[in-house]
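Quick heads-up: structures coming right below.
Shared chain: chain A. Partners: chain B in the first complex, chain C in the second.
After this line comes the complex of A and B, so read on.
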């Protein structure tokens, strides 16, 4: 009887140990299941699809690396890469510094209507992109646009084809990016600035540092983690830019504002070339991933100070 | 009552299972033995509320479906034009319920022409259309390998809409015979008053190329021939682009980004644009919508011919309806579509519902249509114009790579219109770009 009880107790004990051993895996499994279903499998399927020719129905036809070979000889893809590089460079070289400067202005002591300014700068982010595109279309219309009308009134010339000239159309797209995202990034910089201890500024002031010196010697170094995060986020987001050129110019005139994301969309949903679109998507993924890693590494994102 | 963790989990699981059961019960059976008669609750996808209203009303119209073996009702889902094809394909791949009928916009249909998509998804309507022969207009753009897969809803006949009051004031004859003459007059008007007698699109590639297509169809040109081969570099095509560029350079043709956009509305409102070649539906969506105050001032006429040939009509846009094949209600949907689209009663009802022009050529001369007048066009007997135009409606073809061609031609055509390059060079550049991109 005793032996039987002992055996049962041992079995129960072993079962409890087994349960405890598996419990942590069970608790963390939802993440891995979801990650596999919604990240690993789609990425794997995308890579496989990029090696096929497929219009959407029927079985994909395996064609090896043909899509990639075609892609790298496709001038449209080259144009979309160049345009995307232009948008990304602009975002990093103009939008980022502009938002930093605006945040600095909003952080000034004694600034009146600070909340109103914040609201105004943040407003473009919450507006519908479709409304924004319509408004920008009205402002920059070549015949009836506000900008041309103002230029005509002030300087006597206003015949700029903002949206129908390849060069000006690119400029309008980046102006839209600037208008839309500067306020959003400003909020991040402002939050970072408000976390900088006042004593550091006061100490620098006592040491005779003026506002410019304080900005470069106190504000910027203290903001480095925030700046790095914003820069990498902006880099990755702009490299995947879609809404602005799609809604404003539909990639035109010609292909002068076509971005890589639009190229992927166009191949998949306007031309039914899903394999080719997947190949472009894989290339875009590789580029964005590489840029993101390089940016994170160079700027030290996630490193403890 | 206390709720412990175990109870909460059990409850959540129960609710989830019940929800799944409810969802499964909501799905409608789409596969099985075809229904030969009885109640047919059809499902329809379309982007246009006008079609939704027409089909919903038609299902209950005894004059149309009274003697049918089926009793119809129609449930409509509103879907944007590009999404209709995407969702049809997605649903088919996922083996989820498909609609019985789908409205396919003309410019989107080429997507269905690739790799047998139309053949695999849609019922062949050729047995219905063959009986009508040439009497049924505009079947060619929806034809794949000799089979018709969708029926056009509206001929979209392009005519010249013009401001009768402005033409009279400026001394422009309303019966100018050729485009060349009209452009000369337009150049003089532009120089004198800044007004334009037509517009070209300088917006997106689609609008630019569609505007060009409308002009070249009238001249007898096209983008593809019946075999799907490219014919962009034809003499007619070059001539048309040269003429359009000339019109833009003299100011006779006004470049506007979007024929339905705000700039065009402004041009119409301030009477800067006093004439334009557009399809019949532009009267509703372009003129009446933007300048209702100009009711009675506009008229329509057939388009002046080109001096070197071509007709007096063109076409732009359109939406055709196809029937999804191999479903329980496929036969019912085919019967319903035939009654709505291929009978005189159906065509008259369609015109009454949304001013959709008949696709049966004979109907234009019948009193039912000939006696119709249009108050917006000064009570003009409009079918005298549409009838003459429909008699010369140009035939054109589409191909699976049309979207590639549009993107390839858009930029060069725009440069030609702006005078930055010659017409032939522009078209050649577009063709080169196209040939580099299309799959071998």
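After this line comes the complex of A and C, so read on.
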């Protein structure tokens, strides 16, 4: 090798190394640009708007913390918080274990048609919520609905006002959540179970552990990362629930199924109280973000190595 | 093998119970959908007949014909599919690029930037919807194609997913080989990394397509002119309209579900393995 080609090669090598230094920033920059424009700036603007009274015309009028004071006394907001807490608790306490059980059933060795079952359970995720809500609305209709008709035929009693009774309406909303999300969570649990080394199960079996024992001392601990991921995802998603109550019950009867997201939507786009809606959004942000962060770091979500 | 065979025989009743449960559950999932498809071919007055008829009798195309004659359904469909397709292409590119950046480079601030990116998953839409609406509407960015697509083309979930996949399936040696051959970093990404990511790209594409195709809240906020309605918006307007024309909405719902179900059934294996890859290994 001559001296000249050597330096040319080194120069090229250096250029490559320099490029390697800034390339990752270039690659991740689209996310951070969009994140800044469409999340950071809006959150900042939202915090500012929350300190104002504004109907969308003219300029916002600064009113300090009045919106927050009003929120604390607002029964609708309280109701929406309570309902959202109920939906979220249901998602974590019922939907999550249900999908774990289904995944366990689908993980049975030598199960036939596994792919078909998984496909069917996953279907609701594929459908637009408007489609699902329409179908559920008609099926649970208080007068003509299929559910009441079936109950009438089976038990001679089918007069339940599913969507117009406050408690039943909440139940229908969570049934919809259960129906819509269980299959989605199932595929995560199932993938997690299939990634568990078979030797672990075999070793436990040799030690005399039955299926139940194996589930609790092999499957569950091995599923920890998946469970953490799912729990946090579900927490953040259900805390923002909008479509199910909005389409199925319009938040009613009264405000018994109203969620926080619906509260914000109504305040902003039906009553034009943009400042007030922004304040509700900020409160929601504080709660969801705190819970999401606490959940993630407690459970160690998102970290590799 | 021989040792397990008699064991399995003994478990037969349990197996039968397992299958029965799974089939029953499948029925719970399929019945509402079957009912909707069947009802969409029924006369409006027959929809609530009891016992419900699985096969519509008389079967009629009236609901479909009326929907397509009275509502610009194909226009909604065109809007929905264009938004979904444009978003999907952009999302797949931007997320795989960022995922590659996070997976295969060491750089200052990487950990912090990754944490920021990951935390953004926990930002509820409710806090940005009002100011974002103001931003978009007041700053004249309100063309629906812009407003429906641009803010959402680099979702953190997609980046996270691509990072996990890239980390697991792209060996560093391949990258080094490409560099020794004189490829620039972007070139390495485009012609070496991207082809290897194909399964994950498929998953991300399906995920992104279904998300944008089905989404309701943001279009509801930002699209006001009926000529830019997406399918969920159109159906929502029809559903909320006087007289509750649920027979038409049912027909529209069935038509709208066809592309989504087709995409899913064709690409389900990719979608499921891609979606779960990140969650399982982390």
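We take it that the second predicted complex is superposed on the first by the 267 of 305 C-alpha atoms of A that agree within 3 Å, B and C clash if a C-alpha of one lies under 4 Å from a C-alpha of the other, contacts with A are read in each partner's own complex, and residues count from 1 in each chain.
By definition in this document, a contact is a pair of C-beta atoms (placed from the backbone, for glycine too) under 8 Å apart; a residue touches a chain by one contact, two chains touch by 3 or more.
All values derive from a computational prediction rather than experimental measurement.
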| item | value |
| --- | --- |
| Touched partner set for A:191, first chain B, second chain C, both or neither | second |
| Chain B versus chain C as contact partner of A:45, first or second or both or neither | second |
| First, second, both or neither for A:58, with chain B first and chain C second | first |
| Partner contacting more residues of chain A (chain B vs chain C) | C |
| First, second, both or neither for A:221, with chain B first and chain C second | neither |
| Partner chain(s) touched by A:144 [first = chain B, second = chain C, both, neither] | both |
| First (chain B), second (chain C), both or neither touched by A:270 | first |
| Which superposed partner A:16 touches (first chain B, second chain C, both, neither) | second |
| Which of chain B and chain C A:251 touches, first, second, both or neither | first |
| Partner chain in contact with A:296 - chain B first, chain C second, else both or neither | second |
| Footprint overlap on chain A, comparing chain B with chain C | 56, 134, 138, 141, 144-145, 269 |
| Complex interface listing, chain B residues touching chain A | 82, 86, 89-90, 92-93, 111, 114-117, 120-121, 202-206, 208, 254-257, 261-263, 266-267, 400-401, 403-404, 407, 410-412, 414, 418, 433, 436-437, 439 |
| Chain A residues touching chain B - in the complex, by the definition given at the top | 53-58, 70, 73-76, 134, 137-138, 141-145, 161, 163-164, 166, 249-256, 266, 269-273, 276 |
| Of chain C, residues touching chain A in the complex | 8, 15, 18, 21-22, 25-26, 28-30, 32-33, 35-36, 39, 47-48, 50-52, 94, 97-98, 100-102, 105, 107, 110, 113, 116-135, 150-154, 156, 159-160, 164, 167, 179, 182, 184-186, 189, 210, 213-214, 216-217, 221, 231-232, 235-236, 239, 246, 249-250, 253, 256-257, 260-261, 263-265, 268-269, 272-273, 275-282 |
| Complex contacts: residues of chain A adjacent to chain C | 12, 16, 19-21, 23-28, 30-32, 34-35, 37-39, 41-46, 49, 56, 102, 105-106, 108, 110-111, 115, 117-131, 134-136, 138-139, 141, 144-146, 149, 153, 179, 183, 187-188, 190-192, 195, 225-226, 229-230, 232-233, 236, 239-240, 242-243, 247, 260-261, 264-265, 268-269, 274, 277-278, 280-282, 284-285, 288-289, 291-293, 296, 301-304 |
